[in-house]
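Each of the next two complexes has subunit A plus one other chain: subunit B in the first, subunit C in the second.
Moving on to the complex of A and B:
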């Protein structure tokens, strides 16, 4: 098993796109679930959708949640609380930028790193220069 | 512990961008050896995607792989081969 990822976004399309991109980098070795939009299919976040994604990719090695915007934190925290009440599995919410963080996390998880290592690496993704100087 | 070092020039057009860098990290992780990759003044742990991306190594850059451990020779050989075959992308 490897550390799994949940991609939370206010947009379902964005969550799916980021999951697709990160999944390609991990060559199918990492379980990644998208949790975007509200239950009604509108823009926003949904505790139920995040919880469903957490269940879908539950891993004994833990799960890292990546978020598009800070306003997704509360829904993510509520979903994590409900999830960990029922399952004894570790979930960490990452402050990393969504795209870079998801790609770095997917690759770091694909090589068998621990949840702490994957989370640390994702945090460092914010140090990546977009433009080479 | 045996230490093996070998240099290779990047020949794929986009250099060590996200996908090639990810492949390099995944290849490095197949081995037990501790592997460092150097580009000019910068050095990175070959198992760290952020570290490898921060090298900012483009086409024509020389990468030096240095591995330490029982499988150091195999590790360096595999990484050199990956760079030489342009990360299977071209």
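Moving on to the complex of A and C:
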């Protein structure tokens, strides 16, 4: 098993798109679940959708949650509280930028790194140079 | 005269109607500095609460408030879901097993809700949030309770203090939530979350005062 990823966004399309991009880097070695939008398919976040994604990719090596902004943080925290009450598994919420963080996390997880290593690498993704000088 | 389970049900049912009536107003406030969904979210959340109340069989206030909390968490897709969800869950814990709330219980309920929002949102007063209505409301309720005023007056003063707190959010620059992305441009607008917090407290004060005057 490897560290799994949950991608949380206010937009279902954004969550799915980021998951797709990250999955391309992971070569099928990392379980990635998208939890975007509300239960009604509108823009927003859903504790239940995040909880469902956490269950879907539950891994003994732990899960890293990547998210966009605002209520995504609070919804993710509530989902993690509920998830870890029922299952003894580690889940970390990453402050990383969503796209870069998810891609870096997918690569790091795919080579068998630990949750701490994956989370650290995702965190540092904001330092990656985007415009080469 | 305490706030009873029946008073709590009246409050929550009326609150669903008030938030439905005010949904456009709240959304307009939110469209100025946020993502224009606060009215829609609150209306959706409390409509679901209202539907659950029709079939629920809880007889104590704590269980009712917890039911509100879990319903809001699962139906409100914006920040107000986790925030008000946590507030009502904590308020439910603070009033667990009670069928009557006296002055000290109301203060404890308000304090638990406020602390829940603070913890969930990692926010402080002065950041243009719900806390800017709830913090003065708690202070006013506590002061009124210590002065041995009756619950009608305590709930009224809490509501009035929340309303003043809402007005005081207008010049503030938001540093939490979606409005913080606007920086200084968030100044000059009334905070929608503070406004809905005031409506929640006002509806309790109104429904409780109306019932008290009938008996």
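Details
The rule we apply is simple: the second predicted complex is superposed on the first by the 132 of 133 C-alpha atoms of A that agree within 3 Å, B and C clash if a C-alpha of one lies under 4 Å from a C-alpha of the other, contacts with A are read in each partner's own complex, and residues count from 1 in each chain.
Just so we're on the same page, a contact is a pair of C-beta atoms (placed from the backbone, for glycine too) under 8 Å apart; a residue touches a chain by one contact, two chains touch by 3 or more.
Everything numeric here is computed off the predicted structure, so don't read it as measured data.
In the superposed model, A:70 makes contact with subunit C only, not with subunit B. Within the superposed three-chain model, A:129 lies in touch with subunit B and out of touch with subunit C [touch as defined at top]. Of the two partner chains placed by the overlay, only subunit B lies in contact with A:108; subunit C stays clear of it. Once the two complexes are overlaid on the shared chain, A:20 sits clear of subunit B and of subunit C alike. In the superposed model, A:43 lies in contact with subunit C only, and not with subunit B.
Once chain A of one complex is fitted onto chain A of the other, the partner contacts of A:116 are absent, as it touches neither subunit B nor subunit C. On subunit A, the positions that touch subunit C within their shared complex are 10, 37-40, 42-48, 69-71, 74-75, 77-78.
Across the complex, subunit B meets subunit A through its residues 18-19, 22, 25-26, 29, 47-50, 53-54, 56, 58.
Of all the residues in subunit C, the ones that touch subunit A in their complex are 35, 37, 41, 73-75, 77-79, 81-83, 85-86, 120-121, 177-178.
Put simply, subunit A touches subunit B in their complex at residues 25, 27, 103-104, 107-108, 110-112, 121, 124-125, 127-129, 132.
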